[in-house]
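You will see subunit A twice below: alongside subunit B first, and alongside subunit C after that.
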Partner chain A sequence: MRPVRLAWLLLSTLFLMGFPFVFGSGGGTSLLEQIFVFGAFAMSYDLLIGYTGIVSFGHAMFFGTGAYAVAIVLSKTGGSTVGLLLGFLIAMTISILLSLVVAFLSLRVRHTYFAMVTLAVGQVFFVLAGSQPLRPLTNANDGISVLTPVWLNSNLAVYYFILIFLAIVTLFLHRFIHSPFGEVLRALRENESRAKALGYRIFHYKTLAFLLSGLIATLAGGMYVVVESFVSTSVYDIGSVSLQVVLMTIVGGVGTLYGGLIGAGIILWLQNELANLAGSYPVFNHAEIAFGVLYVLVVRFLPNGILGTLKGRKGRWRWTSQTFKKSQT
Partner chain B sequence: MKALLEVENLHTKIGQFSILQGVSLSVCEHTIHVLLGRNGAGKTTTLRTMMGYLRPVPGIIRFEDQELTGIATFRIARYGIGYMPEDHNLFANLTVEENLLLSLPKQDTHVRSQIAKMLDLFPDLRVAWRRPAGTLSGGQRQMLALASVLVSKPRLLLVDEPSKGLSPRFVERIGDALEQLRSETTIVLVEQNFYLAKRIGDYVTVLDEGHTVYSGEMQSFAASDELQKRYLGLQTDKKGGAK
Partner chain C sequence: MSREPLLEVTNLVKTFGGFRALDGVTFTLHKGEIMGLVGPNGSGKTTCINVISGLYKPDSGNLRFLGKTIAGQAPHKMARLGINRTFQVPKPFRELTVAENILVVHATNKHTEIGDPLEFVGLKNVAHRKAGSLTSGQQKLLDLARALASGPSLLLIDELAAGLSPSELDDVAEKLLTLATRGISLLVVEHLLGFVNQLTQRVIVMNAGKEIFEGDLASAAKDERVVEVYLGR
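Moving on to the complex of A and B:
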């Protein structure tokens, strides 16, 4: 690892580890917990859109399924550790089955149709979660309040639990995208027809990428319940979850992995600030307008997102300095 | 000589248009078989059908004793058939190195030696090793595209117009490389550049409006002004060369 990169990693680790001790376990720490959860969610989405070239408008179906599965099992088991583990296990099983079904139905068709299918399936889950026949399980539109295990009762414990989750997800995704499998995914994104001619079974690669992305989104949904101790149909909402994760990924930088985390940080911080301002200025009640403007500005001035643009500039600088050095010798 | 690839009565439609209406050819091992024909004759469609991108109805494609008709592209590639399309033949945002590594079969244990061999064959790629393929010149791109196919040591290589848009210097080098490969593989080459085709080709099949209209040895085809005029519309200049 390069010294600069190592220094950045150490600094950010120290900062995140020490944050609750320096700033207390209040609003800032809670915001960071949300950023960690949505950051992991956005990175899982980037694996799909940025590394495989698949656009999904229904990624909330995984996030929501994770949240509901963990919440239901926790509420039925009285917030035990076994309940938490079982909740995650059930969530992961449902996620795998769901991604296999959606992949089988739609990954062979054109990307536009795939996006539409995911949108439709996501809506089905939204309706199901709020439906009256399922009230005994989901508590319909009233949502479920959850008791978490005793060892997760303090804010500090939740913070470090989510931080460890984020670290594991980041490390895993980093290794994954730099593995030969990740290389093939990038090749598919670049030129699917060419990849076929080289003997790669496109459908299998896409399915596995979709499955993995869904699995991480599901785990992030489960973590959301640990942070919020509550779940409602909003976790399946297209506007506040599915499109928000698209926005986070685009703002941070598609195909940069860590861009999703940066995007989540910016969007959630902005959301938080606008909510605070709305108390004094009612105009800020409509945060969607601000996000719309942000989206237009990013697409217009930073088409590669924040991290993508920074990486591009660094690459250009290296290229120019190398060319300059060569011309000097 | 043993036929490695046999194509019989190939009919292919794209949408409602019948592009191939009876293409037949037989390709012998360790030869360069050139597909010639006017624009729109069906040369590229023939290669795409052989590679499984398009499904022939009816028609038979046989590679050794294996019937390839209706088989998925990735499986055809795994039988040892390499394809270098006319366009879109690279991963533009990946480096030269990544392009070559992705082209190697998973089970290939001689990665270094295979890549070194490609760099010896196309030395221009050595200097551009870490550059994204999209930033290479036209000639370098064609060389990388060819190297990407060759690195997997295909038993049959389908090459679509490798000389398109290249300077005479690069055309010569591509021609030299293909000639060198004759002993290692079998090549089906679609080529508009008749000078290159007659220089390196052993056999020729001429297509016209989706039909095979001529098949034979390149030597006799290149020697006959009448055949060239009849099938390709080539005029003969005073020095005896076709143009």
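Moving on to the complex of A and C:
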């Protein structure tokens, strides 16, 4: 690892580890917990859109399924540790089955149709979660309040639990996209027919990428319940979850992995600030307008997202300085 | 060159709507042999290798590779059987480096006849560069290296010479001849007859989806039908 990268890693680790001690376990820490959860969610989405070239408008189906499965099992088991583990296990099982079904139904069709299918399936879950026949399980539109295990009762414990989750997800995704499998995904994102001609059965690769991405999004959904101790149909909402994760990934930089985390940080911070301002100025109640403007600005001035643009500039600078050095010799 | 047949193409037909792009093409290619597939634009040369490589399914006819029927199999299966190809428009994985373009292939195929494919095509010195930054000639060589990395026993070459300089052409011809000496059979689709002449004397001339001549290149140049399709009457 390059010294600069190592220094960045150490500094950011120290900053995140020490944050609750320096700034207290109040609003700032709660905001960071949300950023960690949605950052992991956005990174899982980047595995799809950025590394495999698959656009999904229904990624909330995984996030929501994770959240509901953990919340339902926790509420039925009185917030025990076993309940938490079982909730995650059930969530992961459903997620695997769901991604396989969606993949077999739609990954063979063209990208646009796949996006439409995911949008439709996501909406089905939204409707199911709020439906009256499923009220005994989901509590319909009232949502579910849950008790978390005793060892997660302090804000500090929740903070470190989520931070460890984020670290594991980040490490896993980093290793995954730099593995031979990740290289193949990048190749088929660029040109499916060439990847086919080189001997790859691309449907299998796309399915596995979709499955892994969905699994991480499901885990992030479960972590959302750990943070909020509550779940409602909003976790399946297109606008506040599915499209937001698209926005987070685009703002941070598609195909950069860590961009999703940065995008989640910016959007959730902005959301938080706008909510504070709305107390004094009602015009800020319409946060969607701000996000619309942000999206237009990013697409216009930073088409590769924040991290993508920074990487591009660094690459250009390195190329220019190397060319300059060569021309001097 | 062995007389053992590697690829047997029998009465291959491929239509697009009412247009017969391939109309009963038949030929045999032996192990270590180089065969030229020539003809004017639209004669069906590229369609023929698209069918052999699995990109298109044939409407009828048969394809046998090492004695096994393979007609209509998917491209990834053809590649695994040992049939690979280059493309008229190379399209490398632009965001990957030159070395990664080869590593991607190596992820499933570990055996090659020619050692390091990048070394073989002379791109080792640009291995670290993004493939999108290569010149069009270099991209063609990378396309060849990528196909070689899968360890093919049959290589389908689609207009590799187009856009290369005369010195590059000589160099590429020499490399292709080397491949044949190492047992890789080549089916070379080409417009430049001079380039084909450097590689082989055995050619098939196609016109309107049909073979109009099979034999050596010198005789093709004297054949009435070949002269007619190239020069008109």
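Everything below uses one rule, namely that the second predicted complex is superposed on the first by the 329 of 329 C-alpha atoms of A that agree within 3 Å, B and C clash if a C-alpha of one lies under 4 Å from a C-alpha of the other, contacts with A are read in each partner's own complex, and residues count from 1 in each chain.
Heads up, the rule we're going with is that contacts are C-beta pairs under 8 Å (C-beta built on N, C-alpha and C of every residue); 3 or more make two chains touch, one makes a residue touch a chain.
Owing to the predicted nature of the structure, the values given are computational and were not obtained by experimental measurement.
In the model built by aligning both structures on subunit A, subunit B clashes with subunit C. In the superposed model, A:Y200 lies in contact with both subunit B and subunit C.
Of the two partner chains, subunit B and subunit C are each touched by A:E183.
In the superposition on chain A, A:N191 makes contact with both subunit B and subunit C. Across the two superposed structures, the residue set of subunit A contacted by subunit B and also by subunit C is 180, 183-184, 186-187, 190-191, 193-202. Only residues 180, 183-184, 186-187, 190-191, 193-202 of subunit A touch subunit B when the two sit together in their complex. Residues 51, 53, 72-75, 77-78, 82-83, 85, 88-94, 98, 101-103, 105-106, 148, 152 of subunit B are the ones touching subunit A in the complex.
On the side of subunit C, the complex with subunit A involves touching residues 53, 55, 74-76, 79-80, 84-85, 87, 91, 93-96, 100-101, 103-105, 107-109, 146-147, 150.
Contacts from subunit A toward subunit C in the complex involve residues 180-181, 183-184, 186-187, 190-191, 193-202, 255.
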